[in-house]
Structure formats: C-alpha cells, structure tokens
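Each structure below appears as structure tokens.
One chain, chain A, links the two complexes that follow: it is found with chain B in the first and with chain C in the second.
Here is the complex of A and B:
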C-alpha cells in the first residue's frame, strides 16, 4: 500500500491539510462563542425591551456576520479534501467517517444557514420571539456542527465501534453509539466548544476595553464586559476542566502522544508535572531519533503520576518504554506490533488471493479470522504498524508536542485570571481607570487564537505518523497524484485564503472603529 | 422490523436521497444563475444592488446543500467519494475554488475597507455563478460518459492520465450538460427575480432575457438528452461484470415507467414555468420550473444508478466502474443513516417556513433602506 510513496507528495498533502485547517480554525471559534453571546444579549433585549441591548446585539451580530462568511468559505474545502487528497483514507474508513459528516450537513448546517438568514434579515419581518429563537438556533446549529466533525476526528484518534471487512478492504461501523460516546469525542467536543466560547469572550472583552480607552460607547462596553466576563470566566474554567479530562484520555488511548507532550523520554514512578521547562537533545537516541531532556524545568513532584492514575507512585511510561517495550510493565515493543501488523496484512493478501483464485473455503476461513475477537485485539489493532519501517517512526515531533501543549496550558490559566480581573474591576467600578488592564485586554484578543491553533497542532501533529491511530499511517492514506498538483493547490489556497484574511481583518477593524449604528 | 430491510433496498433508498439532494442543488443554483448575470442584467448600480440582495439572502441554502450532498455521498457511497474526488482532482478543486470566493463576496462587497473594492467581489460572484453550475454539470455528465480511472484490489484509485478530470472538458456531451445546467440556473435565476423583486424595470428586463436563456438551455439539454438516449451505457450483469449495452439509458427510461413519468413531469414543469412567465404576467414561474428541475434531475440520476447500471463508470477499465452495490456503505451504516434521513422532511419544513418569512415582501429600494443587513 505504501510502496514507492513519494515523500514530497505526502509532505505537501499534509501541509495543504494543515494550512486549510489552520485557516478554518481562525474563524470557527469566534462563530461558536459569539453566536451564544449575541443570543444572550438579544434575550436580555426581548425580556427588558431596552433598545440599547438591541443596539448591542446588532453591533456584535455585524462582526459575527463578517467572521461567519469567511468561516464558511474556508470550511467547505476541508470536507472535500478528505476525498481529493486522502482518498485511500476515505475508502478505508468512509463507512464510519462519512456518517457524522452527513449528519452534520443534514442536522446542523441547515439549522445554522436557515436561521442565520432569519437572524440577519428578519428584524423587520418576523416577531421578536421568532427572531430570538432563530438567533439561539444559529448558536445551537453552529455548535452541533462542531459536535459531528469532532466525533469524526475523535474516531481517528481512538477508533471504536467498527470491524474490518476483508471483502471490501475497509472498516465498517458496528455501533453508532460507541462512535458518538467515544471518550475522546466527549472530552474533545466540550474542550473545543468551550475554547470557542472563551475566544469570543476575549474578543468582546478586548474590543469593549478599546472603547473604554477611547471613551466611546461606555454603556455598551461595560455591559459587553459584564456578559463576556461571566461567559468567559465560566468558559475558561470549563476549558481547564475538559482539558484535564482530555489529557487523561490521551494518556490512556494515545500513550506515545502523551509521553511526547510531557517530553517524558524515560518512564518513571512518581513522575512530576512540568510547569515550565526548556528542552534540548539529550544525546541518547532511539534508532535515528534523538531523545530530549530538560535544560531547565520547574516541576511538581509526583503530580503527573497522580493526575494520570490517581496514585502518586504510579508508573508513567516514557517514549523509550513505548518504543522498545518494557516487559516489567507489560508494554509491548513496537517491533512486536510491526510483526503482528504484518501478519494481519499478509492474511488480508492471502484472502484476496484466495478470492481471486476462487478458493472459496480458504477465503471463508480467513474471513472468519478477521471477525475473531482474539485476532482483532491481538493482531488487527496493530494493522497500521505493517506500514512502519523503523520502530522510532511512531514517535511524533516531541518538541512540537511539548511546547504546543505547555504554552496552551499556561495561556489557559492566564485567561481565567483575565476574566476574573475584568469582573472584579467592573463590579468595583474602577475598570475605566485601569488603563494597563484595558490595553492588556485589547492585545489579549490574539492569545486565544494562538492557544486554539496550538491545541490543534498538538492534536494532529502529536499523533503522527497516524491518520487513524494504530490502523493507518498518513503515508498509506494519501491520494497518489503528482506532487506538482498538490504544490500548486497548496499555493493557490495559501494565496487565496491570505487575500481573504487581509480583507476580513481590514473590514473588521473598520467596523469596530465605526462602532454600532445609532 | 428493520432487520428485514435488505442492503439492496437501502442502496436504492440512498441513491434516491442522493438524487433528491442533486435535484434540490440544481434548483437552488438559481442563486449562481443570478450571479452570472450580475454585469449584464442590471442597467445601473441600484438594480445591481437589488439583484445581489435578492440572491444574497439565499446563497447559504445552495452552499449548504452542496456540502450536504458531498457529506451524504461520502456516507452512503464512499467509494465514489474516494475514487472521484481523489481521481478527478482538478475538476473538484476548481468547483471548490468557485464556491470559496462566493462565500465571502456577498458579505464583503459593500463593506467599508474591504481592500479590493466592490468590483472584485462582484467578479467573485460572477466566477462562482458561471463556473459553479457549468463545472458541476460537466462533472455529473461523466456519470453517463465515463471517467479514466481504475481501482486496485484495495479499492485505491489510479487515474489514467495527468489531467485528473479536466479531460472531461473536451467531450461535447459533457460540455452540453455543463452548459445546460448553467443556462437552467440562469433561467431559474431570472424567474426568481420575477418572483421576488418589486422593481418593475428589472422584472421586465428579466422577462426579456428569459427567452434567449431558455432557448439556449433547451438546445444544450436536448443535445445531451438525445445523445444520451441514443448512446451505449454501462450495464452491470448479475455477476457484477460491467459491459457496454446499446441504448442502455433509453432502456432504463422505458424499463422504469415511474422514472419516465417523473422525468417527463420534470421537463413539462420546467417548460410550463418558462412559458407562463414569457406569455403571461405570472410571477410564480419559478415554482414550476424549480420543481420541474428537481424532478428532471432526480430522473437523470435514477437512470444513471438504477436498473443494473454503473453510476460512475470507468471508460478505461470497465470492471472498475462504480455501482450502487459495490460503492456503498455497509448495511449497518446505511440503516443508521436511514433513521437520520427521516429528519429530512423536518429540515425541509423549517427551511420552507423561514423562506416564506423572509420573502414576505418583494425586494425594492425602499425595502432595502429599512433593512439593517444590506449587501
């Protein structure tokens, strides 16, 4: 499957997906969160009849619309890219992966796009209550969209609820509920949408702070800070909680990714949690790959063991344990997984040959093996390892995983402090005088964008080389087209999205400067 | 009871859903049809503003239907998704590009500080309006004319040439369907203006343009239809072997009387809506032509996939051709998705409800002045 793979093709295909995903994620979180903030503001307007709340609602809704359009533009390509650039993957898992995407379209996108039209154009055409319900439905629709695509993504991180069918050479769904309630999906969904709420809250807080600094729209700004402060504080606490939940799940289902994000080269008992640290190459190697060590670190002893297993003495496996194996800890070496994966692959080839030669009995007996639970848990779960050349190839870029994770976590705590301070100063009535805080809030608008992108870089680059954990490496999934075609489309997307981004930022900044309509 | 539902039934059921989505998509491309006339139909900026705002309130429906069409195809016939999208790379990328530029164009065109000026975004709308329907029509034509691909035993696609789908553009039959879809979109776009815009001058100009656009549509559509019915098609034997059969699509049409009736009703609906708008002051032609478009497209899709026909045939390796049996998802997935599809009427109902609410009054300059969100 992976023979004669052109690495240039693989790298550019990955780069293109990364580029389009990074761009898309610049816009989605604001849609997820701002839709709720706008709905809350409109609810207050409908309940109180205070026209100022309506003015606020419409102002933030204008910014929502500018962002929403480019979010839609950058989103369509991602769905189709699974087919255009990862066609082997699309077939291998289409039976499972396609369903959430279709449900997303049928149940969520239509909800969002139908009621977004009422939200924008219905002010003078439908009743207040119908309009309010529409605004809430846009928020629900946007977040439901996130649910289904995250269910699909989580399945790639932790494939569950399926069985391999040798006849069709693909995985087939056996339990929709296993897919939906995949532990990775639950954590990822809550973590992702709450990070969107947080980003939107910081966006509203920052812009409102700018108005206070300019002594404009003070009532609108303070009311907006109240809403975004409360929503942001709750969201940032939720982000921290669900982030912790997700990390524990990673420790269980993607131990190599977990060891990489903690830069744990060697496993240990009483493992400490690194708060701040700087990595360097240790000089020790696994195969051709250098291991890392800390040149500086501040850690809380035993906390990593405690957080992952609820026991300070628990053993947390490191990268070398996971690659070379650790018999005392019952950790299988990658070489053994490669052997088992190859057995499964050879069995599949045997099945195809028997079918080709019309050896019905032999084909039937092999087919039965693929349904045998012992074979599934003992061999097939390592199917993807058949395509791995060297054991160390299963280790992702450790420095990338470590820094993306730790910077994201530090930013997460910073956001909690920011929202708490905003509410504190607001209730004390001193927020307008705290110029340093207002400027900090303005510049902090950028930081949730950084942490969100870091989170996705960790989630996706941190699970390399897998496109589906343990079952399919990226090299086996890529569409075999000429690298030149992919390089061309990469450049086209990079230029087009950048051109559109420049316009979006310029329009957004101008609208903020213009302020709400009177 | 669901245990009794066979895989074959569900494969047919899902092909019908795909056909329905394709029909709705072609109808909703009236938005693209309207955009393709952004520089030629309005006489002045005021009329252009009316045109853009009329279609701008509906573009998301078309966009969402396209995305859902892709998602539903992926879920129900994943081998098509991997073979066609991975193989005919350049055609699909070109279609996607045209929709990317559309998504921002409405929102940004008149916004202050949009950097590139209103005309750039209007050109984006024109590009999407022209290329979108044309390329989608051309790509769908390959369902009947075939594509140059083969599949290996792992069902991985290999395209037989370096053009990756662009070669479809040199076939007269493919081009004729592409152009027919483009001009049908323009006809539906004109009918939508007649239905929803209140400014007399623009409506009258739309009626005048309707004749030429309808005739052009008919020429390309009839060329495609006649060549389709007279040409050979890709028949699937009980063993799964694919072979060429003379007059296959004609056989399919007469072999499935219900499909024939559906298709003819669609064609009559399209013509009736056009005729009523040309020869009477009727404003509701869009509903006849629109519904007719949906029915005719469903008919075309059903003769492409039903009655033992390969819906995505390979012209270079007949037995790599995709059928609704060999390209489909498993019984379990199709069944799960069937339950989801039961919600489609609910979705259609709320779309209809919201549509009526927004279209209560015809769009005029005065209506736009009182509107907070204007493109």
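Here is the complex of A and C:
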C-alpha cells in the first residue's frame, strides 16, 4: 500500500463518507417515491374533480415538501469530501464523474427546483393541468437526479467506457453510452428508484394506518392505502426483480463480492441458495483471513447455480477459487493479477521517468501502450492490484456482506406481503378492524429505511478494498491530510445531520397530528 | 417589451405571494434550509473542505504530477 499511509486516517475518512452517505440516504428515497404518489393522487383529482383527492394531494405534498426541504443539499457534502479527503481518486476518475454530475446539476436539478415552486405556490394561480404537469415534472426530475448519481457510482463498481491517460493521470471517457448503459447502472437505477417507491408507499400506508387507528380521516386514509397498496405492491415486485437482476450482474463483474454476500467459501456445482443461515468461523484460512461456514442454514439446492447461470449444474466460484485461482475453471489467482497490476504500474513509473528526463520518443511509445486494447484488458484492468500486499486482502468483510444482503432480501419479501395484505383487507372492507395489521404498518415505516441502508452498505462495503473495482483501492485514493481534521468534521456532520433529522421528524409528526386542512 | 415586463412582474409576484402566504411549516423549513446552506456552503466549504489539489497546486500539470507520484510511489 502507499507509503506511510496512516490507517487511522483511512478509517476515519471512510467512516466520514459512510456517515454522510447514510444520513443523505435517509432523505432521498422518500422524495423519489412520494413525488410519484402525490402526482398519481393529483392526476385522479384533475380527472375526477373530486375535492377530497385535492385535499389528499395537498396533505401528502406537505410531507413531501418537509422531507425535500430538509434533505436538499445534503448530497453536496459528499462532493466536498471527494475533493478534500479523496483527492487522488477525484483526480484519477477525471471527467467520468464530471459529465453525469454536470447533467444532474443542469438538467435534473433545474427541472426539479423550478417546478417545486409551481407545485407549492401555484395552487389556484396556474391552471389545474399546468399544476399537474409541474408535479409530474418534479417527480421525473427527482428520479433523473438519482440516475446520474447512480451512473457515477456504477462506474466505481464496474469501470467501463474510458481510457487512462498517463500524461494527466486521469481516466478519459471514450463512450458516454457505455457509461450510461453500464449493466450495473441499469440494474442499480431501477432497483434504487423502485426501493424509493416502496419506501414512500410504506410511509403512506403507515401514516394512513395511524389515522385509522385514531379513527380520524377515514376516507383519506383508505384512499391513501389504496394508492400506496397498489403502488407499493408493484414497486416491491419491481424491487425483487431488479434486485435479482443486480445480483446476477454482481456475480459477473464483482465475483468476490458475490461470493462474500452468499458466504460461499469454496466454489461448487449445483450451488444452493441460502434462504436463512447463521455464519461462524470455519477454522480454515486463506492467508491470514478466516473463512466462514454455516452453523445453521436452510437452502434450496441448485438454485444459486440456476439463478446465476441459468443452469442448475453450473459452477459458482467461492472465495478460495477467486483468491487462489482455479485452473480447471479458468479463474486467475490474485497473485497473477498483482503481477499484471505491477507491470502496469511500472510502465506508468517508466512514463513518468521518461517525461522527467525529456525522453519524448520513449514517453510517446509508453503512452501508446496505455491505449492498446491488449494492454488495457491484460494489464491495466488489474492496475489496482499493484497496491495489494496479500492476495486475501481483496476479500471484503464476509459476515457484513452476507447479513446485509440476506436481511435486505428477507425484508423485501416482508414488504410484498404487507402491501398484498393491505389491499386484501381494504377490498374486504375489514382493514379498520385489523388493529394488529395497522400497528404493524405504522412500525413498518422504519423498515424500508433499514433495508435501503443495508443495500448501500452491501454495495459500498462489499466492494472493499476497492474504491474503483480492480483499478484503485481505498488506500491509494485517500488524501494524506491530518486525521484530526477528518475526526473534527466527522463530529460536525454527526451533529448537523442529527439536528436536521430531528427537525424533520418533529415538523413532520406535528403536520401528521394536525392532519390535512378541511 | 411591455409583454416581457408584465411577464417578469407576474413571475416576481408569483414568488412574492408564495413566500408571503407561506404556512407555518413552510416558514420553519425555510429557516432550516437557510441555516443549513450557510453551514454547508460557508462554514464547511471554506473552513474544512478546501479542495486539496486546487488549493495546493496552481496548474493541472502540477496536479497530474502529484497524483502520478502518489500512484507510483509504493514500497
């Protein structure tokens, strides 16, 4: 790893980024989903002219507004952190991040923020149809914002559509479309926005259930349950489908992460899908790292092979295969990747020396090698391995990856059942009498937040040690600044975000208790 | 010209009326937004989050050389 790197600095820099991202993600998904629910309600109002739908729209729009206002700009801090704490990384990614983030800033944020004003100030001042179009544009704009951020994040999981320029030490985009239609980006965008729809549906279902328990606003509550039940059921099914799609992509482009999230220490044919399982250390090791095994598990035989390759007999590589290599399965050992990465790094050092000694011809010939497709696929794609000390260092925390993934999946099934039950009881006309279900719905408001954060923990911690998969480990990306300043800002953020969160919850609870205007 | 002026007046009035007739929760969140933006864009940005490469180096060449050194400077 980079000389004299202070691990305390690296850990605090990672902790700070994680804290900011976790808090930021508490505000975002409700905006993504509630904007669409409000738009659907307003559409029904405009089509039917029923004033009760207008009252509902305005009530949920108020809660949307509180969340939008408190959450807005919390993501900017992440961009500050890139420039201050992750400067090597920020420079290395070059214009790959610049393009999608610029589009996000100009197009989506402009769309969102302009029409939010019409949404809140425009009642009775603009036509019904123009107001409705504005509400829809806010929903589309908010989700488009998410698209560009997720495209940038997906590049970190699966870097595509670029070439490295040794002269500037930056990656340069060669194909915007490769970046946009990166298979990780497609799955991640659909999975993330549908999880936001699900979260907002559970939010509406939970608050409506509270009104039914308090015997207040029964018509509003039942109509809201109808909308959130249908929207939530469709979203939770979409979450399951896109989650499966994303996991298949992970199996292909991040096989170590995949083996970790399934806690698959040894590769196997007819690999079973674990439904529920408890992990323990197996006593076996790869280098200095302990491997895990199940002390208890319920699995469906062959299903993991079937889901990843479409063939029940297919081989699914485990952590041992991916670290030590498996010649029979054409899996390259990490030691070989380290050698190839080091060759790429030595060539970069050679380029630097040639430029320093003004050996123009030699520098030009090395520069041409960095554009050679054979070198890119054979060496440069393993550039980050040059910074890896021990092969087992490429394995993320297996227990963290496994539990975050499996708890998230179990919650996903729970949400499908909740929305299906809500619609079932609503159509049978018995929902008001099902007190246990109403209370469960109220407390379930928190669960999509938990599953969303688990999903991000899996995506980011499961990618470790990489900040950019195979190209740059976190240790090479961090800026060597004083750990004290990182700790200070960590504490500042913890206080700032906690105050924002408490403010949001208290203003929102007060509005919910007040209820919609009559 | 007159049409443009009327539109500008209408646009300004739209926002003026919107803010003037804002509900209690609206005023509260605006206070929070302004305090938050001040903390993020003034205090955090200028005191704690100076861009490392932009503040230390004047040109892109210097920045490239620094990162190149970082990437090749290994044990």
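One rule holds for everything that comes next: the second predicted complex is superposed on the first by the 516 of 518 C-alpha atoms of A that agree within 3 Å, B and C clash if a C-alpha of one lies under 4 Å from a C-alpha of the other, contacts with A are read in each partner's own complex, and residues count from 1 in each chain.
In the analysis below, a residue touches a chain if its C-beta (ideal position, glycine included) is under 8 Å from a C-beta of that chain, and two chains touch if they have at least 3 such contacts.
Since the structure is predicted, the reported quantities are computational estimates derived from the model, not experimental observations.
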Fit or clash - chain C, chain B, common chain A: clash
Chain A residues touched - chain C or chain B, whichever exceeds: B
Chain B versus chain C as contact partner of A:219, first or second or both or neither: neither
First (chain B), second (chain C), both or neither touched by A:386: second
First (chain B), second (chain C), both or neither touched by A:117: both
Which superposed partner A:365 touches (first chain B, second chain C, both, neither): neither
Chain B versus chain C as contact partner of A:173, first or second or both or neither: first
Partner chain(s) touched by A:377 [first = chain B, second = chain C, both, neither]: neither
Contacts of A:99 with chain B and chain C, given as first, second, both or neither: first
Chain B versus chain C as contact partner of A:72, first or second or both or neither: both
Partner chain in contact with A:509 - chain B first, chain C second, else both or neither: first
Where chain B runs into chain C (options 26-34, 152-160 or 170-178): 152-160
Residues on chain A lying within both footprints (that of chain B and that of chain C): 1, 62, 65-66, 69-70, 72-73, 76-77, 80, 83-84, 87-88, 90-91, 117, 120-122, 125, 168-170, 352, 479, 481, 485, 489, 492, 496, 500, 503, 507, 510-511
Residues of chain C touching chain A in the complex: 14-15, 17-19, 23, 25-26, 28-30, 32-33, 36-37, 39-41, 44-45, 48-54, 60, 63-64, 67-75
Interfacial residue positions of chain A with respect to chain B in the complex: 1, 58, 62, 65-66, 68-70, 72-74, 76-77, 79-80, 82-91, 94-99, 101-107, 109-118, 120-126, 130, 134, 165, 168-170, 172-174, 176, 352, 356, 479-482, 485, 489, 492, 496, 499-500, 502-504, 506-507, 509-511, 514, 517
Residue numbers on chain B that touch chain A, as the complex places them: 57-58, 60-61, 63-64, 66-72, 74-76, 78-79, 81-87, 89-90, 92-93, 96-97, 99-104, 106-108, 111-116, 153-159, 162, 164, 329-330, 332-333, 336-337, 340-341, 343-344, 347, 350-351, 354, 357-358, 360-361, 370-373
Partner chain C, residues of chain A touching it in the complex: 1-3, 62, 65-66, 69-70, 72-73, 76-77, 80-81, 83-84, 87-88, 90-92, 117, 120-122, 125, 166-170, 345, 348-349, 352, 386-387, 476, 479, 481, 485, 488-489, 492, 496, 500, 503, 507, 510-511
